[in-house]
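Heads up, there are several structures right after this.
Two complexes follow with chain A in common, the first pairing it with chain B and the second with chain C.
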Partner chain A sequence: MHDNKSYISSFCRIKNNHVTLNGDTVFSKEGTYSEFIKSAYKNLDIKYPKFFKMDRLSKLAFIAANVVLNHENVTPEQEENIAIVFSNKASSLDSDRTHQTSIQNKENYYPSPAVFVYTLPNICIGEISIKYKLYSENSFFIFDNFNAKHLLTYANNLLDTKKADKVLCGWVEYDGNNYDALLYLVGNKGKTEHNTTEINTLYNS
Partner chain B sequence: MDALKQELKENLIEQLNLEDMSPEDIANDDMLFGDGLGLDSIDALELIVMLDKNYGIKLTDPKEGRAIFESINTMAAYISEHRTK
Partner chain C sequence: MSKVYLSYNNIISSLGFNSNSVVNKIHEGGSGLTKIHDTSILPNPFYSSLINAPHLEAAFSKITLKKDYTKLEKMMITSLHDTITQSGIEVNNEKVGLIISTTKGNIDALDTNNPFPENRSYLHELAHTITAHFGFKNKAITVSNACVSGILAIAIAKRYIQQKIYDHVFVVGGDLVTEFILSGFNSFQALSEAPCKPYDKNRTGINIGEIAASTLITKNNAKLAPEAVEILGEGSCNDANHISGPSRTGEGLYRSIQSAMTQANVSHQDIDYISAHGTATMYNDEMEAIAFNRHHLENVPVNSLKGYFGHTLGASGLVETIIGAHSLYNNTLYPSLGFEDIGVTQPINIITKTTPQPLHTFLKTASGFGGCNTAVIFKKHIH
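What follows is the complex of A and B.
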């Protein structure tokens, strides 16, 4: 049983060439995913050169996290106890495929270390943690479908047990040409109640 | 040698995803790691792969990399002497 009420203070959605914050579009651009996400990075004035070295899944998670955390005035200079709980369906399959391609031919066998390091989905959590100096709990779950109940239970448990003051939660999916990110920040303040109905409403909107 | 240095700068930018940098931004004696271009340990591994893939040079002792990858000048000198392709 959840002890205290928790709330969603901000959420970011990235899909269909749009970046939205709390339902309002903050950036949009037609084109391929690579063109779109690079333009989003530049337009949102993030200034973090390591972004260009990230795989496609990490870029997606990184931009979505930036939008939420900046809106919540979270800065790398001020250490905050924010946990991260992400989920998706395809895990790191996009980078896994790229790595597989590089080792497919025994006559031309040159696996790229820069690709290999992203063959785990939770690396995207590491990228966000490094930028914002988040040293709290983190987990990445793989589900067949978006699982609001699990995200709710896990985040509330972190808050109830005082493992974290806030939790950045959500879904970050990149597979083929399909991408979708919904990240939201949960804490003890906010306008939207943190429950499965509200989480599913955000996801289905 | 100048052509090789230019080629190395272009490869570095492309393979290490040094976005917003052009070959003109990299001086031949700039430190590639530390305070120079700020490359990291994964970049170092990519450079080792690049030596093998592009020039047929296999570094068996990773410690060698420290001196070889100091700058474009040191890389070009090593490659000129040891390349097999």
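What follows is the complex of A and C.
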């Protein structure tokens, strides 16, 4: 049961070599994912050298979160209670495969903490929390498909119980050469109603 | 808002295949940790608590004769089968949910020597296998949030009941001891070559163990397990500090406990016992001591159960909560195995021997990579 009305105030999509904010392209560049995401980082003028140490999933989530939170004037200097609720299908399998490659052959055995730390999907939430100083509720969920009902239920609970004032929700997937991020911010202000129809519309557009 | 309870439960571990036998072993001071030297998993010897494979096969074969289940699936299904049977709840019902807690699932399927196909390493495949086995009507919710997953799963179940989506939620958690995990923690130089000693000044790091555990979270107080506890409040806050090291000030854990206490409407004086995370790494144990002191919890009896099983990753918060519920029911504090001399800079009241004592309320905490922390407060249900 959801008590107070909530709204989606802005959203970012990253897929097919495009970064969009509220439906408008803010950056695009042809090329591989690595080239594209690095160019996006530079073009969006983020200036955060830790970005280069992140794995591919974290880079994706980090850029998408930056686009939404910057647009919403969220800064580390002014603390806000913004929860993070992310989901995907492949968990951290992209980094998992990298770690597995480093241990598969005993003659060529080189496990590394810099890779291993990214073998958890919620590390990308940690990266965003550090950048924006979000000491807030956070959780990472796995589903076989985008699950608007789950994101809605969980975000509504955090808002209803006053665990959070706003919730950064969405889907961040990196698997093989496929990537897709949809992040949206939910709060008590905005034009788009926070319901499964609207969330699915964002995802399917 | 309706009350929510943690009720029937099961633990599949090196100390036994049901919660009562595991708790009895702990009561007697037994540890499931043994020295293992298996170079196919790790070049150097390590301590771990592994689930005995023939025992698991025997237990699983009583449930189904179907093949093609991974070891982790057998562990989780065996555990959940017991919990569902105890509860008598029909799972093919739209008001019954399933939450799966794991960090790595069938990650061993990535190994080219593993007989199972690589796609079994997808966590949604694991979720599908368990959902299909029992015939749950609803799709499972899988939470993979590092080492807080097990306790966070309980909080998520409560939240789903609060939102009136479900009346009952089964939670099952599990992780394996694999080369994948051990090589990773070893690369961090976090593994101890001796049984772990949480909060001890001579602690030398963690042991990794394997467990599957399960429980029923429900709003129905008519048919609860004897050891049922009410879930009073919860919080899960980030450190916003570092992805692989805890905050020096315990900020995320401090805030998680604050959030749980506010919702539970209790103060530090109401907490009779803390079941802490206590991995036996230098930084984790110190961080917890700081966070507990910031909440004036330094005199509350506290233990880490890692000395019995090691760190069981996505199952740890769940199994430690189940043991906490039994601790309340038995009115008994269990020792923090491995502890001798205080090894953190802030005072905390470590339990050193099995102690009968009236217990009503306990706090469960966990912390993990990514800066995540979770705290949940439970109260004994009086039947």
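Annotations
The rule is simple: the second predicted complex is superposed on the first by the 205 of 205 C-alpha atoms of A that agree within 3 Å, B and C clash if a C-alpha of one lies under 4 Å from a C-alpha of the other, contacts with A are read in each partner's own complex, and residues count from 1 in each chain.
Note that a residue touches a chain if its C-beta (ideal position, glycine included) is under 8 Å from a C-beta of that chain, and two chains touch if they have at least 3 such contacts.
What you see is a predicted model; the values in this text were computed from it and never measured.
In the superposition on chain A, A:S112 makes contact with both chain B and chain C.
In the superposition on chain A, contact of A:Y154 is made with chain C only, not with chain B. After superposition on the shared chain, chain A has more residues touched by C, the comparison being chain B against chain C. In the superposition on chain A, contact of A:L93 is made with chain C only, not with chain B. Contacts of A:L60 after superposition on the shared chain: neither chain B nor chain C is touched. When both complexes are overlaid on chain A, the residue A:F52 reaches chain B alone and has no touch with chain C.
Residues common to the contacts of chain A with chain B and with chain C across the two structures: 111-113, 117.
Taken together, the chain A residues at the contact with chain B in this complex read 49, 52-53, 110-114, 117.
For chain C in complex with chain A, the residues that touch the partner chain are 103-105, 107, 110-112, 121-124, 127-128, 139, 141-146, 152, 156, 159-160, 162-165, 179-180, 183-188, 235-244, 251-252, 255, 259, 263, 368-372. The part of chain B that touches chain A in the complex is made up of residues 16-20, 38, 42-43, 45-46, 49, 52-53. Residues of chain A touching chain C in their complex: 1-2, 84, 89-91, 93, 96-97, 99-100, 102-104, 111-113, 116-117, 119-123, 125-127, 129-130, 132-144, 147, 150, 153-154, 156-157, 160-161, 163.
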